[in-house]
Amino acid sequence: MTEITKSKDLGNGWVELNIGPQHPSTHGVLRLKVKLDGEIIREVEPVIGYLHRNAEKICELDYYCDSLIYFDRMDYVGAMNMEVGYLEAAEKLLGIPPPERVKWIRVIMAELSRIAAHLVWAGAFGLDLGMLTPFFYCFIEREKILRVFTETCGSRQETNYMSIGGVYQDFNDKIVYDIEEFIEQFPAKLEVIFNAYVKNDIFISRNKGIGILEPEVAISYGVTGPMLRASGIDYDVRKAEPYLVYDKVNFDIPVSYKKDNLARFLVRFEEMRQSIKIIGQAIKKIPDGPYFNPKAKKSLMIRLRGEGETYARTESPKGEFGVYLVGDGGVKPYRVRVRSPSFKNLSVLPVLAKDVMIADMVAISGTIDLVFGEVDR
Amino acid sequence: MIEVKEPKKEIPLIGTIKVIFSIGKHIFQKPVTVQYPEERPALPDRFRFRIFLSLDDCVGCTLCEQVCPNKSIAMQKVERENPRNKRKIYPDVNFGTCTVCRNCEEICPTDAIYLTNVFETSRTRNSFTYSPEELSMPEEEVVK
Amino acid sequence: MSILLRLQSLFSIFGHYLSFILAYLLETVFMIVFVMVSLVAVIYLFRKYMARVQLRIGPNRVGKFGLLQLIADSLKLVGKESVLPRGRDDMPFRMAPVIIFLGLIMSFAIIPYGSLYWVGSLTITDSDVSVLLLFAALAIMPIGELLAGISSRNKYAVVGALRGVAKDISFEIPMMISVLALVMMASARTSTPLNLTSLVSVQFIPYGIPQIIGLGVFFIAMVARASYSPFDMGESDSELVAGHSTEYSGMRFGMFYMGMFGSIFLGSMIVSILYLGAYNGPFSGDLGFIYLLIKSLILVILAFTIWLSVPRIRIDKFVNLGWKYLLPASVINLVIAGILTLGLGL
């Protein structure tokens, strides 16, 4: 560090610039190696691994029930969805199906969590573009969801609510009332946030026609979730391969054929409205019954044994979330492997952010919706 | 499947002015901030943080130590007369690594270890490890 | 009777020369104190206003209503180490914040403030070419930004400085053309149209009404000069960390910060002087200064609201806006001003 490093001459007048890992727009610890031609970006290379916590290996060293807290910390803004994803695999492997009531509870919690995750994204996306205020309105709404989570299971963000074959604590009348109150007032607030974005000429000009993702490219890079649907492919695991009780509720998958930043923005906001619709139906249909499977009650938690291998996929807020589990008959899984959607979506950034301006690259990486706990695991 | 429509085009600048107005209007609303030490919002009923141990109920089965994902719980020898706890071992908890996953509460066969809604457990020095006796005391009495 | 002569008459026992020297010194101190106090007030207002729009409370711990928060913050900035990057170009790096601050104070010295009760006229510099002086002083500040960007040897800072230059070029020409229209209208009434005081005195109806286009162009230019969102491409925090001031810390950064807030206050004052009739209003003989403050504060609040609710415009779009929309608009405004002056004799 004694010498001042001269910037390497790249020939052709380009400048190499490291954006991140400590940078205001990288949503955590993303590092982008960027080659700049003046204001225009010629090459982007994402460098990941700054938040690697070895979650998959730690899961292999622990009991099946303990892995949940590490899954909470993968996509930490939509933790319930991660729990659902893991439990889909774990319950299949261990042969402990959840009772009917639990399935409905899980759907409600997963959708609330999806709204919370999209709200965080919506606020942070505004910050990326330089809009300071909608961020706070988004977080005020998210706080109400986290309040419901605290009411239900005692924690705000890393909830650890669901257990193998059930949930830790049952719904009561107050929770049902709180959720109903939330879905009552939320759509109006969502419209305020939505209008604050889309009515803005500058917002439209920053997003329309920027970051076009062709459907063929999206498929070949393994892009899923709202990004894929904004490219015009109506693929959603909740519809394509329904898990829990998603086949018993009525909802639509938002699709856009415009393929740009604005399409991804609109798809995510429409998804929030559809989630409200799902919660509204589920809260009415939720049946009575036990809230855990007696085969997996207390004190048996660490004695569950599984053998074989399973793969389960669920629709997390970021895209298709897959969990691969191998059990060797012991109380601990032999192998845990996670297919994280943010990681796959990030890999398409070099294609999207080629020959765009710096400001556009920030907007594009904003619409990918990166959560680094999940990319690096 | 529904196709999302792009918002209908407004006259340039009119939409932006509407947005500026609608955001400026928020100044008339009440702030949502709760100024914590003076004002305290009502805690939800199920909010849990601080682990509490009932020494009389603990049977020293070590299940909590096994299930703890972060190995925050370790068993300690405590000289204490308890006919149900022959080995005289009780759990201690390191709150520096505890993630409040509530697995210990779930698995405890005698409900000896449970979580309370006390959350003001900040310490400025010394270790975060609570010995079994300290776990069984109310938070105010724990001197660290 | 201006403030200088009043001060001089206080010191008249020291003789002619010494009394003028003392009066000048005291006047300078007055002005710097006024600038600092108004900057602190604007920053406090911004923080409180931003907090309330975002449904927060804002600073409220230091002093009553957090009024002393800014004092505490500036003390912290003074106490902090001002880190100097190793690869810097030393003299420009140290000079840049001073240049920005100097330009700000110089511009504040030229503005006519109107009068206030027994104090009389508060105007400090009364020159026959004060319009030219004012815009010359305003043109100093971008030099500081450019020097800061290039001398700190940081890629973010260089890109920020280049953006700043591109931004300045694209709004300065429409801005000057719209000022030209004002001077043109004023020249029909007064023999010294370049004097800000006489430019104000001929505004029987504020020039913002016949020249509404010019007002828009000039306000946009002033917001862009202060590099406020949506025109803060030069220091866009989510793209270029902090633009030209990336490598600065301590009080040097504080000077950039104050330069930013000072220039929005200055810009609002200039807009209200040129277009909104400045210190004119009912009973303006005594309350002129208050009128000026109120008018500029309304404009400051407007600029804050725009900052809080609008995303950042892209630099090429802004250059487009400057050359393709603002420039023709200002030329149209000039033509309208010509018609009004020659045809209607307004």
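As written, the chains take the letters A, B and C, and residue 1 is the first residue of each chain.
One rule holds for everything that comes next: contacts are C-beta pairs under 8 Å (C-beta built on N, C-alpha and C of every residue); 3 or more make two chains touch, one makes a residue touch a chain.
What you see is a predicted model, and the numbers here were worked out from it, not measured in a lab.
For the pairs A-C and A-B, output the one whose chains share more C-beta pairs in contact.
A-B
Which chain wins if you rank chains by how close their C-alpha centre is to the centre of all protein C-alpha atoms?
Per-chain C-alpha centroids compared to the overall one single out A.
Starting from the mean Cα coordinates of chain B and chain C, work out the distance between those two points in Å.
About 50 Å, centre to centre.
Averaging only over C-alpha atoms, locate the centres of chain A and chain C and give their separation in whole Å.
Chain centres of chain A and chain C, defined by C-alpha means, are spaced 45 Å apart.
Round to the nearest whole Å and give the separation of the Cα centres of chain A and chain B.
Computed value for the inter-centroid distance: 24 Å.
Residues of chain C that contact two or more other chains, please.
Residues 53-56, 308-310 of chain C touch two or more partner chains.
Quick one: which residues in chain A touch 2 or more of the other chains?
In chain A, 133, 137, 140, 196, 200, 202 touch at least two other chains.
Among the residues of chain B, which are close enough to touch at least two other chains?
In chain B, residues 16, 19, 23, 26, 32 touch at least two other chains, as defined above.
Contact residues on chain A for chain C in the complex?
4, 7, 15, 17, 23-25, 36, 38-39, 126-133, 135-137, 140, 196, 200, 202-203, 205-206, 357-360, 362
Would you tell me which residues of chain B are touching chain A in their complex?
My answer: residues 1-7, 10, 12-13, 15-16, 18-19, 22-23, 26, 32, 44-48, 63, 66-67, 69, 99-103, 106-107, 109, 115.
Tell me, which parts of chain C touch chain A in their complex?
Interface residues on chain C, with respect to chain A: 50, 53-56, 86-87, 153, 155-156, 159, 162-163, 229-230, 232-233, 236-241, 307-317.
Inside the complex, what are the residues of chain A that reach chain B?
62-63, 65-66, 68-70, 133-134, 137, 140, 143, 147, 150-155, 158, 160, 163, 168-169, 174, 192, 195-196, 198-202, 234, 252-258, 262-263, 266-267, 270, 298-299, 301-302
Help me check something: in the complex, which residues belonging to chain B touch chain C?
On the chain B side, the touching residues are 16, 19-20, 23-24, 26-27, 29-33, 35.
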